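This is the structure, below, for whatever I ask next.
In this document, chain identifiers A, B, C, D, E and F correspond to the written order of the chains, with residue numbering beginning at 1 in each.
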Amino acid sequence: MMELAYLGAGVLFIVGLKGLTSPASARRGNRMAALGMLVATITVVIEILDIDAEAAWWIVIAGLAVGGVIGGLLALRVQMTDMPQLVAAFNGFGGGASALVAAAAVVTVGATMANETAITTTLSLVIGTITLTGSFVAFAKLQGLVSGRPIAMPGGTATNGVIALAAVLACIGAVATSNETLYWLAAALAAILGITAVLPIGGADMPVVISLLNSLSGIAAAMAGFVIENQALIVGGALVGAAGLILTIEMSVAMNRSLSNILFSGFGGGPIDEAIGTRPVKRATADDAAIALVYANRVAIVPGYGLAVAQAQHAVRDLAAALEERDIEVYYAIHPVAGRMPGHMNVLLAEADVSYDLLLDLDHSNPKMSQTDVVLVVGANDVINPSAKTDPNSPIYGMPILDVDEATTTIVVKRSLAPGFAGIDNPLFYEEGTLMYFADAKVALEETLAAIERL
Amino acid sequence: MMELAYLGAGVLFIVGLKGLTSPASARRGNRMAALGMLVATITVVIEILDIDAEAAWWIVIAGLAVGGVIGGLLALRVQMTDMPQLVAAFNGFGGGASALVAAAAVVTVGATMANETAITTTLSLVIGTITLTGSFVAFAKLQGLVSGRPIAMPGGTATNGVIALAAVLACIGAVATSNETLYWLAAALAAILGITAVLPIGGADMPVVISLLNSLSGIAAAMAGFVIENQALIVGGALVGAAGLILTIEMSVAMNRSLSNILFSGFGGGPIDEAIGTRPVKRATADDAAIALVYANRVAIVPGYGLAVAQAQHAVRDLAAALEERDIEVYYAIHPVAGRMPGHMNVLLAEADVSYDLLLDLDHSNPKMSQTDVVLVVGANDVINPSAKTDPNSPIYGMPILDVDEATTTIVVKRSLAPGFAGIDNPLFYEEGTLMYFADAKVALEETLAAIERL
Amino acid sequence: MKLGIRSEQSDSETRVAATPVTVTALVDLGFEVDIEAGAGSVAGFTDAAYASAGAHVVPMIEAARLDVLLCIGPPTQAAVATIADGGVVVGFLDPGANVDLIADLGSRGIRAVAMENIPRSTLAQSMDALSSQATAAGYAAVLLGAGELPKFMPMLVTAAGTVPPAKVLVLGVGVAGLQAIATARRLGAVVRAYDIRPETKEQVESLGAKFVEAPTQEMDDGGYARAVDEETAARQRAILGDVVAESDLVITTAQVPGRQAPRLIDRTMVERMAPGSLIIDMAASSGGNVEGSRPDETVIVGGVRILGPRDLAARVATDASRMYGRNLLEVVSRMVVEGNLVVDGDDAVIGPALLGTHATPGVESPTDPEGAA
Amino acid sequence: MKLGIRSEQSDSETRVAATPVTVTALVDLGFEVDIEAGAGSVAGFTDAAYASAGAHVVPMIEAARLDVLLCIGPPTQAAVATIADGGVVVGFLDPGANVDLIADLGSRGIRAVAMENIPRSTLAQSMDALSSQATAAGYAAVLLGAGELPKFMPMLVTAAGTVPPAKVLVLGVGVAGLQAIATARRLGAVVRAYDIRPETKEQVESLGAKFVEAPTQEMDDGGYARAVDEETAARQRAILGDVVAESDLVITTAQVPGRQAPRLIDRTMVERMAPGSLIIDMAASSGGNVEGSRPDETVIVGGVRILGPRDLAARVATDASRMYGRNLLEVVSRMVVEGNLVVDGDDAVIGPALLGTHATPGVESPTDPEGAA
Amino acid sequence: MSDAFINGIVVFVLASFVGFEVIRRVPPTLHTPLMSGANAISGITIVGAIFAATTDHSWLAGILGFLAVAFATINVVGGFLVTDRMLEMFKKIPVKRR
Amino acid sequence: MSDAFINGIVVFVLASFVGFEVIRRVPPTLHTPLMSGANAISGITIVGAIFAATTDHSWLAGILGFLAVAFATINVVGGFLVTDRMLEMFKKIPVKRR
């Protein structure tokens, strides 16, 4: 019957994980998975209830207490912005635990294991160890303990290849000879590999790496499941292994990178931000824009010449309609000189049948900006350039602008960081609350709409 | 190692089933599943190779030969239009096979079975039998051997409830007492239930019923797997059981019906067709329209007054753009008196920025109709009414119309079968090649676009 | 068979009853076509074009020559003279106002087909010249109004301030009214409209304009509006008053067949409008929808200009002629049976339009003396 | 400080240099505002409105009374007389054509701010009256053209045949040209356009129109077009010839500052157009883009009418006045420092527009004798 | 409960999850082929049928076994073939967006 | 190979399929919480750790066991908590279309 309890835990993991894939159910999903974990833990405790060694009990209790307190404190104390590295650290502990389970098996029954068990033990040990060290390097990079920039390894990928090969040989040896030392050698090589494989990867790519390591820690857990012949571990581990892999691939797709490119090319400059010109900007994808818009209460659309060039008037109207259907207030903030002729935006938006009531000119839109959650700038540039207010040397100093920086988030859709009519750079693009969505305006709006419909 | 071969078969089933969910991979998917079946069959043959009873061998060979020939002939000979009933029949055979496996177990080891095996045996027997009889009733209805109209049962749902209850009691008895007769009683009741449950359901709803019976036959197979302790059956059976259930629900959603409504309300008139007024029409959903459009090479859009009323000009443009992106030729066929004023369609389509080049008047569009795959009629009625050509008594006799019936498929979007300006019925709606999509034009076009993007 | 088109060019008339395209079709039908020189000049159709379409371009059509005369307005004495006895004349004949003319034609055995009496049935749509010319008139009314209005029609947000959109009100939503709504909407104005027939609400909204919720009542069997009793009219004016007052441009098109046009706007309503505003009363010549409007004149009341243009369709002479010519062509085609002219008083379309035979349907037309031209 | 607006109403001038809204703002700036009775009547602004905005409505402004005179065109003798010595006049002064006037003003110490010389910089956009009036003119040109054209602008599929859309060609895609394109597109015409400056291609396309691929060349530093050598001009005409020939309506707006307007269409090109077509030459008064065009006259060449309207902006008097009044208000505001009138020749915006001080920038304006009004 | 039985349950549950997850948003035109293909897969009971036909050698079991094998084979062979025929029409693959 | 091992493989394969199928088209904002939640699930190795800590009573195994339990617990407790915190922001549920 214990097995059925474990199965129940596995089902809760599956349902929980599924819940985590959609905003509406994510929190519930996480809690269901946690419940599954509780079920599994209670079950194992019941299973070992009949063990008489009191020392063993104290070890378990101490482990639970120490781990619980540390994990709990870390989780509750950490700043929102530091969460990614914390996840990395937790992941390292998980991988470490699986490696330790395997190590304990080596220590106790290492010499007598059946071949198949020896294989899974080695896999658990090695994969768990890679996860452990790799995750902590990722943690160190994100936390700033190690430079976020890619750190070139002497010999590069080749060195890692050699280490990996050596580890594989040690594993084969361990399985074949049941020699304990070879197990430890394999573990040591794995530890090094974890470090050397992650160090050359840039900080910006760390989330993808952590996701991959997460998948590995799942596999390690599944292997540990084979070692102790427990299906909860196999189910949970395999689940995370597979889901983590898919997630990793999705994340690299979202960054427009291939996974191998991320892992083996030492890319990715500063943490999170990515530089196009000399200064870093925050980039956004259609999905980022979609999430930001859908969770807003009030959205301002700022059209500019780029909207006209892209002939995106119908696309912008469709996007606005989709937001309005979701009870989000949308208005258009029309700058007096947006475009290239007086009334340029009007003629386009009238063509798209946007109601006049939604068109606010400068005097009416600026007071609303600070109560606006998201400003979606579509191919405008000069008319939202804050240097008109702040830089007396700017050629546009003194021109009234739309104060989009007063809104919570500004998403700017344009194809590049190229300047507009006035030929000057726009400091807004580099500001904290600004997301740059580099694409043709029509394409970007259509893709954002598609992403919204997908949510 | 046999188990791993079965696992391989299971994996092929999974991958094959996944392939079947998308047009591009469906055929490959089906073939992979068939390969899985081959793997499983070869494996079982290898497993029993060491059996020495020659008679048993002949039984197997005879069974395979007879079944293969019958199944093959039926599958290859049947008319495209008769396929649904054939699937029903095949499904019945599958369910029957599972029931027979269980029956064989009852005959041979019935008295000595462990409780758990007894339960699964009963389930396999009963569910398999329901599938068998239910499927053949469905077959008979679709084939016209029995009337497609709902056949009311004396006592209705209540009768079925009583039979079901009796079957359950017989099952419990069988498990509890291991009395062979009770097994056969349960089977007999199940056979009756299969008939009485399906008879009251209308022909139009048969596809949903067959899908549900398909799900049941999967469960029966899985139960049979428990009986003979074979994981290939459990995997394959459970897979089909679950997938079939989801599919059943999807199908009822696509019909805008709830499953329970279909099963328990005796709805659904003639086969496939559904009547709104007195005469039957073929209904289409957004997904049907999407598939038809996406697989076309040339599409004509015929706008009418309903497009104007729904203010669907932007939606139609967006839909056309999505088709053009897929290299489908789209043109608009504008009837001289479409709408309620001269040029009514022009003003709307100009607002939506539809290029004038795509607007063909009567003289230019009619010659193209016969080379057009799909005509999408959006809120037009009188201007496509063939009685203007065929019925000298019609008030519109003599008015030139758009010959949309010359195209392969015509999809008409309007809210109901209500007449247009001229106040007369439109025979086109009841024609063979016409699909009626009942909805507000704007809603329908938007949903069709969404369905296209999903494909 | 001989068919002729005279030049009807005048200050207000710029159209022509046939275009080179319809002439070609008429020739194909078997007609010998005479057209007076310069007949299409203002509408943009040259004599050369007519000639190469197969017409004889003549300085003046000879007397008593024609089997068929196509015209726009009622024919003059001179024009009638060109028709042979027993011939046919087709055009807007305004029979109510031209009793003498009709009698004269009748006395000479000339059959008169009045385009305004062609039924508005589905079948006859291609011959419905009232509709085709009302289309042109509705369009022209808005262009006239927008040109005269000292304001922009669309909204413009500019560095020199925001220009608000013009408010346009269309009263009477028949063919002309609908076209006026569509045209004003194209120009970016905020358009409201009203008609007494309830089904026009949906039609107005189908053009993206707003319907003014004043009283409506069902139409007569012919699909035309009925006259309104005084109480309803008063309620109408009460509700319309406020809407008129805040409009920049008002275009009225309301007509009730065979009666005076309904009075929709009275002087006090006009006086509530802002100076500089504009009213175009398309019904001015049939009594006027607006108090004080006069046909073809501009009346100024408290800074508000009231225009009463006639012949608005003539402002888009080329396309109006194309459509009218096409209408006439369809009518004439219907009267040609196997190369002979047959004016059938029983015909569902021609019958009702045939003057003088209303009471005596079925008068067989004397067979045409000449064969195919 | 005293500021005045005279009535400049004439047959062709319907605008006014201030609106009730700008008068209120001027009063708030500290001006005592005089306005002549009836100054805004044609533009739709009543004397009563001005009065309640805080202006003194006077029959005629007294002589030598004003510190600031706001005008549209160059002031007449009588107008100049109303300005006190050392005062300021702001308006389109056309300095090139009014050397005597400028000298006269200078002799009386009156500072003249020419609106046409306000720089076209980003900063000065709200004072850019050339742009605001060109916007109005471009819009009015299309309405004039559409009203005069005997054809429909949009395409219409009707029971009386399909009406094809009008083909419109816009030559010169500055502010007026862009607005013309937008307006013609709104009406449903098929629009093509051409300008010598290469960046206009994108702008034309951003309005949904087609760019005609004739030769382009880079502009001068001020963002204006440069004159074109004869070889280029010939190539231009060769390519444009075909496009012009098939157009129903051609609107030309090409200007080169300080020079004759470029000749884009010659007589042979006009002759290739279909009779009934129309050309509106918005550059007629500065030499004309079209051979044979004459300011404010209609010239007919082979059935093609060539119009050379001046003062097109005055056709939308209300909104043109609103925008122009707003431009003037912004200029005047810039000259008011702490309640005093300060005409700063060094100012980036006012400086270049201040006549007579170009060569001697930095001339300190004599401090205004009067305090805040 | 026997280990094999419990294992069976685990496998059953997991396979059901796979079945649930694999089917999502199927275009309606594929409903019938999908149903038909899934139906053919449920013919996996052929493995059970062959077992049933061979494990016991009684006369009754023989008949039941023969029928079971024949039925299952009809389902398998007919099912996959007919599905394949239905799917012949899906030859053109729609151009994916961008 | 032992039955248990083979069963393990079957379960592993099926669970992997579930994992692959469950994750499809996740909005990017959920990438981090999902990763974090999945990571917490991989802490299931806590079950193994408890076994490891209790099956053998050697000194070395004890230390390894303790560490394993502690590590796994950190992963489990911290992982679920931090995920929950991240997800606090998803409170408003978008109105679904029609």
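What we mean here is this: a residue touches a chain if its C-beta (ideal position, glycine included) is under 8 Å from a C-beta of that chain, and two chains touch if they have at least 3 such contacts.
Not measured: the values here are computed from a predicted model.
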Can you list every chain that touches chain B and also touches chain D?
A, C
Per the touch definition, the chains contacting both chain B and chain F are A, E
On C-alpha atoms alone, could you tell me the rotation angle mapping chain C onto chain D? Nearest 5 degrees is fine.
180
With touch defined as above, tell me whether chain A and chain B contact each other through largely the same residue numbers, more than half shared, or through different ones.
same
Using mean Cα positions as chain centres, tell me which chain lies farthest from chain C.
F
Let me check something: if the centre of a chain is the mean of its CA atoms, which chain is farthest from chain B?
D
Can you give the whole-Å distance between the Cα centres of chain B and chain C?
56
Which whole number of Å gives the spacing of the CA centres of chain A and chain E?
39
Inter-chain centre distance, chain E versus chain F - centres from mean C-alpha coordinates, in Å:
33
Starting from the mean Cα coordinates of chain D and chain E, work out the distance between those two points in Å.
80
Do you know which chain A residues sit against two or more other chains?
10, 14, 18, 231, 235, 311, 336-337, 342-343, 347, 350-351, 353, 453
Quick one: which residues in chain E touch 2 or more of the other chains?
1, 4, 7, 10-11, 13-15, 17-18, 21-22, 24, 98
Using the touch rule from the top of the page, what residues of chain D touch 2 or more other chains?
125-126, 131-132, 135, 154, 156, 158-161, 163, 186, 188, 208
If two chains touch, include that pair; go through all of them.
A-B, A-C, A-D, A-E, A-F, B-C, B-D, B-E, B-F, C-D, E-F
Touching residues on chain A, where the partner in the complex is chain F
6, 9-10, 13-14, 16-18, 20-24, 26-27, 29-31, 33-34, 36-37, 40-41, 43-45, 48, 51, 53, 55-57, 59-60, 62-64, 66-68, 70-72, 74-76, 78, 80, 83-84, 86-87, 90-91, 93-94, 96-98, 100-101, 103-105, 107-108, 114, 116-117, 207, 210-211, 214, 217-218, 220-222, 224-247, 250-251, 254, 285, 287-288, 290-291, 294-295, 322, 325-327, 451, 453-455
For the chain C and chain B complex, residues of the former touching the latter
121-123, 125-126, 131-132, 135, 175, 178-179, 182, 185-186, 202-203, 205-208
Which positions of chain C touch chain D when the two form their complex?
14, 41-44, 46, 125-126, 128-129, 131-132, 135-136, 139-140, 143-144, 146-147, 149-152, 154, 156, 158-161, 163, 183, 186-188, 274-276, 303, 315-319, 322-324, 326-327
Mind pulling up the chain A residues that touch chain D in the complex?
305, 308-309, 311, 336-337, 339-344, 347-348, 350-351, 382, 395-399, 421-422
Going by the contact rule set out above, which residues of chain B touch chain F in the complex?
1, 3-4, 7, 10-11, 14, 18, 231, 235, 443
